[in-house]
Structures are given as structure tokens and as C-alpha cells.
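For reference, the structures are reproduced in the following blocks.
Two complexes follow with subunit A in common, the first pairing it with subunit B and the second with subunit C.
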Partner chain A sequence: MDLKEKLVSSFLAFENRVDVDAYVHDVRSEAIKVFEEKGFPSKKEEAWKYTSLNAILKEDYSVFPKQENTLDYKDIKPYFIHDIDSYKIIFIDGKYSSHLSQTTHDGLDVCLMSSALNKPKYQLVIKNYFNKIAEKDSLTSLNTAFSNEGAYIHIPKNKIVEKPIQILHFSTGNESATMLQPRNLIVVEENSHVQIIERHQSLTDNPVLTNSVTEIFTNKRAIVDYYKIQNDSKKASLIDNTFIKQRRESIASVHTFSFGGKLTRNNLNFYQEGERIDSTLKGITIIGDKQHVDHNTLVHHIEPNCESHQDYKGIFDDNSTGVFNGKVVVEKEAQKTNAFQANNNILISDKASINTKPQLEIFADDVKCSHGCTIGQLDESAMFYMRSRGIPEKEAKALLMFAFSNNVLESVKIPEIKQRITKIIAKKLGVNIGFDL
Partner chain B sequence: MSKYTEDDLREELKTKEYEYGFYTDIESDTFPNGLNEDIVRAISKKKEEPQWMTDWRLEAFRVWQEMTEPEWANVKYKKPDFQAISYYSAPNSKPKYDSIDEVDPELLATFEKLGISLDEQKKLAGVAMDVVVDSVSVATTFKKTLGEKGIIFMSISEAIKEHPELVKKYLGTVVPQKDNFYAALNSAVFSDGSFCYIPKGVHCPMELSTYFRINQAGTGQFERTLVIADEGSYVSYLEGCTAPSRDENQLHAAVVELIALDDAEIKYSTVQNWYPGNAEGKGGVYNFVTKRGICEKNAKISWTQVETGSAVTWKYPSCILKGDNSVGEFYSIAVTNNYQQADTGTKMIHLGKNTKSTIISKGISAGKSQNSYRGLVQINSRADNARNFSQCDSLLMGNACGAHTFPYIEAKNKTAKIEHEATTSKIGEDQIFYCNQRGIDTEKAIALIVNGFSKDVLNKLPMEFAVEAQKLLEISLEGSVG
Partner chain C sequence: MLKIENLHASVEDKSILRGVNLEVKPGEVHAIMGPNGSGKSTLAAVIAGREDYEVTKGSITFEGEDIEELAAEERAHKGVFLSFQYPIEIPGVSVTNFMKTAINETRKAKGLEDMPAKDMLKLIREKSELLEIDRKFLSRSLNEGFSGGEKKRNEIFQMAMLEPKLAILDETDSGLDIDALRIVANGVNKLKSKDNAVVVITHYQRLLDYIIPDFVHVLYNGRIVKSGGKELAHELEEKGYDWIKEEINA
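Right, the complex of A and B next:
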């Protein structure tokens, strides 16, 4: 039985197991139909031209965790930013772990999707926001059909959340192969400000496939900072679908750091519904082995006077492949739009490859839109300069690569994340230097 | 002229009708509508082709029947009914003429209207004209001069008869019969086109040029061009088109194959001005063209195009950089107005070492038109030190039109250096203000800016052709180009 059949046939059992509200039930039933009809995307689809899911779909994934697993704090401590005070929502094999988490209902809601879906006091928010901007493509629909657990974050008006919120998903590998489908809903009301860190981590070498969907609503003048740290084990694959709707004068930024995993696909979609909105999409990808990272971005400019900035840097070693598929759409009402898109790549090995497709679709005349894309090597004269000053080749290379990706790090607002990323990069490049020279 | 603004320009663009819309009534030898194996055989027979050619066409036709029309392009149009088209039409006044006096006077008048009278052309800078009116060559000049150098420049149907060994060796090697839907159709039914062979080490002394015109109601035009530059040779080939005003859509599905052997260089320039349809988007030519060249060692192919016409354009002149150190270039200006749709660009396939390619694409959209750049740069794993530079700029006039960029970049070699940049903008108020301030009126200012915007590409056209290109830009964007 292939994965699609398995998922479709287990849908009823899933529906019976969870308490369902009529509204959510309808949404789920509709979604499973969409998935049943479309199936998993194939390379024939334009959006999946360079990324094949075939290899990772072959595994015999268990779709529901059979038992609750527990972990000790010391096992997971290395995987979150522990030197700052933060809210934590921790899931182990898709189940919420209350003793490791730190949630709140005091002035803001940082809690669980499962309780938001079931408790009457959240019904209004769920009806207004749940599944409203998630696209109806096959993978998102699949997640919607099985949506049950994940993070639920609701920030009321005029609230600046003082500490970041960390969402962490661990898989214990107690089953031979696991499929996880977390579903997050984040609603930030007027003038509020929040910082969120998301990470998926597998603790063993058993295959894990995560198909995650996150919907983020930033209302008037709200500020959302979102960081995705992707440094999973070599057997874990992640399909991340993030949808962000922005109201006027809001600022949203998503930084994606992709270093690990077998196959990582980031579908990142921004919808600007209002004037004077600012969107930032940045990413650093440093991979090797047979890793595959695919960034698929969309920025939809619907109203005038908005900005978007995209900056993706990639360094590819060994047999790795990188994909960047960025799309900027400017509707004809969206005059005075400033949209920038940059994608710079370095290939280190002969067997690595990069496919990039930066697209512009523009219907308004008074706009400034540009995209740039480069593929190149490290500057030989810069290498020579450092070597002549006694810096070993490996370190010199690492320094150059770090400098290459530094643009993206500069806009990170949490210093601890910067330090953490710097350490990961140093480890990834096999050097023992701090980069904070 | 003091108050000429961009709005006036837009207004003028809207109302500007196709100037070259006229129709020459020449008694034509036209086949009944429809396409089947018998028609393919009949075309082949009519052209007095050898058996291998008939078989080649039939093979293509059989493949074509299995294929479906491509839908990935960013254009919307009513699909042509391939059974409602006549696949052969030839002017009746035969045989060929040795002197210009023998040519049908009506035909000469046609050229006069186009501003390309043969007399003038003969004098003009040594341009040899192989004039194609509805598929069959009716006049060839300068053949003798070329003959002395050993250059073969004739219609492809003559070449099939006179130089079968060359045609057989190269036809379909760059664009195979089953390459795509329209290439297969063309391979099955192509009526005529040009054939050019430059022998080893010969520098072709003049610009070779062919004018294509669609001239008979309801006939599709299926041109086939084959240019072979043997080792160390050089040729500059010009192709230009204008078509009469018509109401039903006409189909143009040409195939152009360029072969540049070791150290050879081919420069291929096109000015395309098929009838774009009227201001309501009615009528106009469908232009579905496959153009591709292959470069052997140290060879160079350069495509330059000025696309101003056609209701729908679907065209990607490409270079396969097979040999080491080979160079591919693509320079393009695409202007769309009213309801025109253009999806054009290039493919640069780097296979050899130290290969270089340059892409400069300028899109100008006005009215309710849609202008897309679609390109592919592919660096193969063996293509060490490959280098590409791409630049795609779009200029938008009004907010009813669209400009789109779809670049595909695939690199499989660590020594590849690829740069791609694209910008979209409008004519800046400040730019116009700057000109006004210095006593240049707005009309001239817009002309200057558009001219400057497309200069990179216009400069690449051969001098004689730049005149024609300028003329066509004037028609498409009258009032904006001086």
C-alpha cells in the first residue's frame, strides 16, 4: 500500500479519534478530497520541476504515533536557544509534551492547536482564521485533513511579547519511520510584536517526513519575526508550507537557515493586503552530501506602496542540489511597489548543482522591481590575500563563505540566534573559528 | 507639441493602425484546406522533391499527429484549426526572372510600399535579396558574386534538388522533426525557405537577407531556413517580415537551423512585424517559431531580434554551445501594444569548456499587451569555466499591460559563473523633467528614453537593417521613437 492510499484510508479512523467540531470537520473532509484527487506532486508540475518526492515517499511511514514518548530535558537542550528566556511549545513525535513546554494564557495565548480546535472560547478565532490563507494544493490539503496538533499563538492588540516563542518538534525514532503533520496558527493583532523560532529535530537515524503548515496573520502595524532553523539529521525530510497574510503597515520577516535534512522544501507565501507593508524573506543554505534544499517563494503585491526584500544565499558541496524558485507578482493596483529579489549561489563540488528560477510577473507600471541571480566561485584574489597572511586554506575558505552569507545574518534581531547560526555554519564548514572577528 | 505626455502617447498607440496593411492580388496556386498524408505527399511532389525528402516529411507528420499543442507559454489565444488551413500557396507568375523588369509590376509595387524596392536594395550596400512572397522565391540577386566565393544561397527547395548531400546531412540535426509540436508541423509541410552554405574559410562579403511575407488569405506560412557556416567562415544573415492586414488569424510556424562549424561565426538578425491585430485585438498573426543554432569549437552564433508584430509570439532563438570556447549571444527587443502577447527569450545550453553566452533582452509593453521573457541557461557538468551574463529589462507604459520574467538557470559545474539581473520600470517623471528642463519636448524625451533603453540591442543590428528596425519601432510606438 503506498503512502497516499495509506493516508486516505486512515482518514476516517483519524476523524473518529479526535473530537471534531462540525466546522473543522467540513474543512478536513473537503481537504482529504482535494488530496485524494491530486495526490503527491510529481516533477511534471512546474512548481516541482526540480524536486522529486519519489525517494522519500517510498518509506513505510507510520502516520499516527502509536505511543506517547518522553524525553529528558538534557536530551533536547542542545536543540533550542536555551540561554534566553522564552516560551516553549515542545512536541515529541507529534504529541505535546507538557513537562518540557512553557506556555501561557496570561495576556496572550501561546498554546496548542488541539485545544484551540476543541475549546469553545477559541471558536471565533478558528472560524475567522483557520485554513483561510493556506493554499488548496495537495500537500497543504493533506496537512489540513490531518490537522490536529501544532502551535496556536494569539497575540491581542498593542502587546509586545517580551520573550521569543520557540516551537520545537522532536522525533524519537521509536518507530521505524514516522510522518508528522504539525499545523500552526499564529494571529498577531494590531500594533503587536512577536518573535518566533521554529525547529524540527529528529534524534535518531530513522526516517522522518514532516509536512508542516503554518498560517500567520499580521494585522495592522503588527511586527512578526520568524526564524526557521533547519539542521535536522540526514534521514529527515521536511516540507514546510508557510502562508503569511499582512494587513496595512505591518512588517513581517522570515529567515530560513537550511543546513541539514535529506530533502527540505520551503514553500513560503506572502500576501500583502494593505498599503505600506514590508515583507522580508531571507535564507542561508549550506549543504553537502546528497542533501536537497528547495526554496519556493511567492510575494503577492496587491495594494500600493508596499515593499518586499528577498535575499537567498546558497553554498552547495558534494552531491547536493539546490533549488530557488522565487516569484513576485505585482497586481495592477499595486503602484509604487518596490520589490527586490536576490539569489546568490556558490558551487563547491563538481557534482553539486543548482537550479534557480527567479520570476517577476508585473501588471503595474509605476514600480521598481528587480531581481538578480548569480552562480559563482570564491574570489581567488581574496583567497590569495588571506593565504599570504598565514590563514590556512580551509579557514580562509570558511571566512569567505561566511562573509558571503553574512547579509542574511545581519537582519537577524535576536543575537543568540546569530551566535547559534554562526556556530552551526562553523561546524558545517569544518572549522573551529568564531567568525566574530 | 509642448504638452505631449505619456498619456498622449498611450492614446496614440491605441489608435495607431497597422500601416503596412495592404493586400496584393496575385493569382495563387493554392491547395485545398486541411492536412493529411496526401497533402504532405502533394507538397513534396509539387516541390519535385526526391523520395528521401518525402519520407522525411511523412515521418515528421506521423510524429506530429501524436503530439499535442504546448500550453506552458504565458499566452492565451484561440487555438488554430489545423484542418482549416491551406498548406501550400505559391505565386503564379513563373518561371523566375533574370532581370527586375520581368517581375510582376504589382509585386514590385508591394515592395515599394514596404520601402524595400529591389532597385534601391540592389544599390544599397550590397545586400543580396532572396525575396519570398508566399513561400516561393521569385527574385534572387547577387547570386553571381556569391557564386564566385563558392557560397550557396538559394531557396531550400532548390537546395534539396541541387545540393541534396548538404541538406540531407544537416537538415533536422539541430531541430529534430519531433522537437516540438510546431517544429514537427513545419517539418511535415514546410513550403520553402532559405538555404545558405558558406565554404571553409570564406568571409561572406555581404549581408544575406530574405524577406518573408504572408500574402494569401487563409494560408499558413511554414518557412524552413538552414544556414551552414563551414570551418572558419563568417556570415551575417538578415530576416525581416511584414504582413498585410487580415481579420482571421494566420499561423506562422517557421524553423530556423544554424550550424556553425569549428571557428565559424553566424550573425542572424530578425526584424519581425507580422500583423499584430487591430486595436480590439482582432486578427493578427500567430508566430510560433523554433530557432536554434549549434556551435562547434571556437564558433560563435549571435541572434539579434526586433519583435514588434504578431498577435501571439512564441519564440526562443537558442544556442547549443557544444564545442569548447564557443560563444552564444542573444539580443532582443520585444515591443507589444494593444492586445499583443509575446512570450520570447532564449536558451543557452553550455556543453563545451570555456563557453560564453550573453543575453540582453529589452521588453516594452503598452496598451493591454503581455510581454514575457522566458529563458534557460544550462551549464552542463562538463562545461568547465562556462560564463553567462543575462540582463532582462522591461519598460511598462500604462497599468493595463504586463511584463513577466521567467528565467531558468541550471548549473551543474562548480566553475560556472552566471549572472542574471532583471529590472522593471516605467519612464521616470524625473527623466522627462530633466529633458524638458533642457528644452527637449516631451515627445522627443520619450523618444530619447525608449531609444536609449533599446540601444544595446539596436546597436547589434547590421547598419542597413537598423534603418528598417527603427522604422518598425516607429510604427509600434509612433511618437515615441525619433
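Right, the complex of A and C next:
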């Protein structure tokens, strides 16, 4: 039985295991039909031309957790930003871990999707927001069909959430291969501000496939800063589907740091509905071996006077491959749009490759849109210059790469995240230098 | 200190150095002059360990050790320094952090701990004052948007920070106005001792009025074709290179 059949035939059993709310049940049933009809995307589809799921779909995944697994604090400590006070929503093999988490209902809801989907007091929010902006493509539909667990975050009006929220998914490898389908819903009401950190981490070398869907709503003048840290083990793959709908004057940013994993696909979609909206999409990708990272972004400008800023840096070593597919749509009504997109890449090895493709669809005439992509090698004369000052080859290379990607890090607002990313980069590049540029 | 014997070097199969002999002893100042394209920068780069130049014949010894197989950074750790004719811009790396990394990597190579932050700051302050470099300048990206003169002054600042045994200054005077030239020359002279040596590559007598050479060599067509004392520089300033070319071709 292939994975698609396995998933489709598991659906009834899955729904029997979870509490079924009629509304959610309908959404799920609809979604499994879409998935059944479409199946997994193949390279024949334009959006998947350079990313093949074939190899990772061959594993015999267990498609929902069979048993409760536990982890100790010390096992997971290295994987979250522990030097700041934060809310934590922690999952182990897809199951919520209450003893590791730190949630709240005190003035805001930082809790679980499973309870939000079932408890009457959340019903209205669920009806208004759940599965409203998630696309109806096959992978998102697959997630919707199996949506049950993940983070549920609801920030009421006029609230500045002082502590960042960390959403962490761990897999123990207790199953020989695990498929996870976390589903997050984040609703930020008027004038509120929240910072969120998300990370998926496998703790063994058993294969893991995560197909994650996150819906984020930023209402009027809300501010959301979202950080995705992707530094998973060699056998872990991630398909991240994130949808953000912004209302007027809201500011949303997503920073994606992709250093690890086997295959990572980021489908990041921004829908601007309102005037004077600001959207930021930034990323640093540093990979090697046979790793693959694919950024597939969309910014949809619908109304006038909005901005979007995209800046993705990629560094590819060994046989690694990268894809950047950045689509910007500016509707006819969206005059005075200011849309900026840049994708700069360095290929360290001559076996590494990147496919980068900006797609601009502009229907308004009074707009400022710029895009640029570059693919280069490491600057040899800069290398010699640094080495002639006593900086060894590896360190010189690391310093150049760090400098190359530094402007993305500069816009990270939480210093501890910046430090952590810096450390991960140093480790990734095998150097022990401070980079305090 | 430095001994170059019958050095031949080529780049992309084009032979550039064709039998250079040069010996530099501690405490000496040597000037290398010569028309454009004669191979001066190539010689400097080969000594500093640039990999795209291939040494096809001959040897380079530094303090009795054959350094031909050593990487550029290893030569730097031994005390070789090159002030670049065209310093490279490195966006995103500040002058200060570049120097900190260079110094600490050099210390690491010698088995020493990182320099304490306080000492580092003191050193930076001292050397930037010597070169009359504004503090603000040090937090800017290395060489990015620097004027020609600022780049050269920054090279000598780096030299002052690293205190090399052998400093090769490749046309450090070009792009400097007279005040900057004086500052740079003064910096070099302050660092001069009986234990270190300087090789000054220049077209002009100007710099040699401040940094007084013990020996002057003329590099032409990849060979040192004439050597003499400091008067040779004056002669070249007056008469140009044509008489040397004629002498050789005769």
C-alpha cells in the first residue's frame, strides 16, 4: 500500500479516535476527498518542478501516533531558546506534552488546537478562522483532513504579548518512520503584538515527514513576528504551509532559517486585505550534503499603499540544491504598492545548484516593484585578502558567508534568536568564531 | 629573513616572474621599483601565498624555512604581511571585527588564548591613533566605500595591529595626498625595528623620502635587473625607466 492509500484508508480510524465536532468533521471530510482526488504533487506540476517528493514518500510512515512518548527537559533544552522567558507549546510525536509546556488562558489563549477544535467556547473563532485561508491544494488538504493537534493562539485586542511563544515539535524516533501533520491557528486581534518561534526537531535518525499547516490572521494594526528555525536531522523532511492574512495597517514578518533536514519546502503565502499593510519575508538557507530547500513564496497585494519586502539568501555546498520561487501579485486596485524582492545565492561547490525564479504579476500601473536574483561563487580575492591576514580558509569562508547573510539577521527583533542563529551557523560551518560584525 | 632564489612564477600558463633573486635581512628596508606590468604585485602576492600564481622554479625561504608549500594564513602567522595595491571590499565585516578575528586566529595558531577584550580595545585605540583613524571608521564595513587614501591608511593600520616581521607595501603611496602619505610613512617608521623588515613597492621617489630604503631594486620583465642604494631611486625619478630598458636590451 502506498502512502496515499494508507492515509486515505486511515482517515475513518483517525476521525473515530478524535472528538468530532460537526463543523470540523465536514471540513475534514471535504479535505480528504480533495487529497484523494489530487494525490501528492509530482514534478509535472509547475510549482513542484524542482522538488521531488518521491524519495521521501517511499518510507513506511506511521501516520498518527500510536503511543504517548515522553522526553525529559534536558533532551529538548538544546532546541529551544531557553535563555528567555517564553510560553511553550511542546509536542512529542504529534502529542501535546503538558509537563514540558507552558501555556496560558490568562488574558490571551496560548494552548492546543485539539481543545480549540472541540470546546464550545472556541467554536466561534474556529468557525471564523479555521481553514479559511489555507489553500485547497493536495498537501494542505491532507493536513486539514488530519488536523487535530497543534498550537492555538488567540491574542485579544490591544495586547502586547511580552513573552515570545515557542511552538516546538519533537519526534522521538520510537516508530521506525513517522509522519506528522501539525496544524496551527494564530489569530491576533486589533492593535496586538506577538512574537512566535517555531521549530521541528527529530531526535533520532529515523525518517520523519512533517506536513505542517499554519494559518495566521493579523487584524487591524496588529504586529506579528514569526521565526522558523529549520535545523532538523538528516532524515527529517518538512513541508511547511503557512498562510497569513493581513488586515489594514498590520505588520507581519516571517524569517525562515533553513540549515538542516533532508528536504524542506516552505510554502509561504501572504494575503494583504486592507491598506497600508507591511509584509516581510526573509530567509537564510545554508545547506550541504544532499540537502534540498525550496522556498515558494506568494505575496498578494490587493489594496493600495501596501508594502512587501522579500530578502532570501542562500549558500549551497556539496550536492545540495535550492529553489526560490517568489511570486508577487499586484491587483489593479493596489496602486502605490511597493514590492521588493531579492534572492541572492552563493554556490560553494560546483555540484550544488539553485533554481531561482521571480514571478511578478502586476496589474496596477502606479507601483514600485523591484526584484533581483544573483547566483555567485565565493569571492576568491576576498578569500586571499582575509587569509593573508592570518584568518584560515575555513574561518575566512565562514566570515564571508556570514557577512553575506547578515542583513537578514539584522531584522530579527529578539537578540537571543539572533545569537542562537549565529551559533547554529558557526556550528554548521564548523568554525568557532564570534561573528560580532 | 627572506631569501628568494631564481623564482619563476606564472598565472594561467603565462610566465610573469622569470628568475627573481632577493635577500632581505632583519632591520632592512628595500624598495622595488619598475614599470607597470613588470611583475611587482605578482612577486608580492607570491610571497604572501596567493594560490592562483604557480611557482614553477626557484624557492622562497622565510627565516630559514621553505614557505612555498604554506597557505597564505600560515605565512601570515609566521609574520608575513602584504599591504594590497588594491585592498578588497568586504561588505558586512567591520574593520574592528576583521582585525579581532585576524589577531585571535593568529594567536590560536600559536597556541595562545584569545586576546582579552580590554587589551584588544586598547590595541585598537593605540594603533588607530597612530594612523589618525577616526573611531567611527572602524565600525564600517571593511574597505566598502572607502576612498583610495582611506583604504591604504587602513592597510597600514592592519599592519600596525598585526606587527609583522616582514611587511610588503604594494604601492601604498598611490592615492594618498601628502598629509596622508606623511601619516602612513610615520606609522611605518614607528613600527620599524632592527628585527623586522620592509619591502616598499613604489613608482615614485616621494614615499622614499619618508621611508628611506637601504636598497633599491628595479624589477623589469619579471627579473631584478638593477640594484643599488637610495640614489638609484633618485636617478629613476629623474630619468625614468627607458635607460634601464636600453641597458638591458643592449
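Going forward, the second predicted complex is superposed on the first by the 436 of 437 C-alpha atoms of A that agree within 3 Å, B and C clash if a C-alpha of one lies under 4 Å from a C-alpha of the other, contacts with A are read in each partner's own complex, and residues count from 1 in each chain.
As a working rule, a residue touches a chain if its C-beta (ideal position, glycine included) is under 8 Å from a C-beta of that chain, and two chains touch if they have at least 3 such contacts.
Keep in mind that this is a model prediction, so the values were computed, not measured.
Asker: Taking subunit A as the common reference for superposition, should the pair subunit B and subunit C be classed as clashing or as fitting?
Answerer: fit
Asker: Touching A:V34, do we find subunit B (first), subunit C (second), both, or neither?
Answerer: neither
Asker: In the overlay, answer first, second, both or neither for which of subunit B and subunit C A:V125 touches.
Answerer: neither
Asker: Under the stated touch criterion, which partner chain does A:F384 make contact with: subunit B (first), subunit C (second), both, or neither?
Answerer: After superposition on chain A, A:F384 lies in contact with subunit C alone.
Asker: When the two structures are overlaid on chain A, which partner does A:G376 contact: first (subunit B), second (subunit C), both, or neither?
Answerer: first
Asker: In the superposed model, does subunit B or subunit C contact more residues of subunit A?
Answerer: Looking at subunit A, the partner in contact with more of its residues is B.
Asker: Where does A:P392 make contact in the superposed view: on subunit B (first), on subunit C (second), on both, or on neither?
Answerer: Second partner only, subunit C.
Asker: Examine A:L347 and indicate which partner it touches, taking first as subunit B and second as subunit C; both and neither are also allowed.
Answerer: After superposing on A, A:L347 lies in contact with subunit B but is clear of subunit C.
Asker: Figure out whether A:N355 sits in contact with subunit B (first) or subunit C (second), or with both, or with neither.
Answerer: A:N355 sits against subunit B, while subunit C stays out of touch.
Asker: Once both structures are overlaid on their shared chain, how near does any Cα of subunit B get to a Cα of subunit C? Whole angstrom is fine.
Answerer: Across the overlay, subunit B reaches subunit C at a minimum of 14 Å between C-alpha atoms.
Asker: Considering each complex separately, which residues of subunit A are in contact with subunit B in the first and with subunit C in the second?
Answerer: After superposing on chain A, no subunit A residue contacts both subunit B and subunit C.
Asker: Per the contact definition, I'd like the list of subunit C residues that touch subunit A in the complex.
Answerer: My answer: residues 45, 48-52, 71-73, 75-77, 81-82, 84, 87-94, 97-98, 100-106, 109, 141, 158, 162.
Asker: Which part of subunit A faces subunit B closely enough to touch in the complex?
Answerer: 46, 332, 335, 345, 347-377
Asker: For the complex, give me every residue of subunit B touching subunit A.
Answerer: Of all residues in subunit B, those touching subunit A are 72, 379, 381, 394, 396-426.
Asker: Spell out the part of subunit A that touches subunit C in their complex, as residue ranges.
Answerer: Touching subunit C: residues 379-382, 384-393, 395-396, 399-400, 402-404, 406-407, 433-437 of subunit A.
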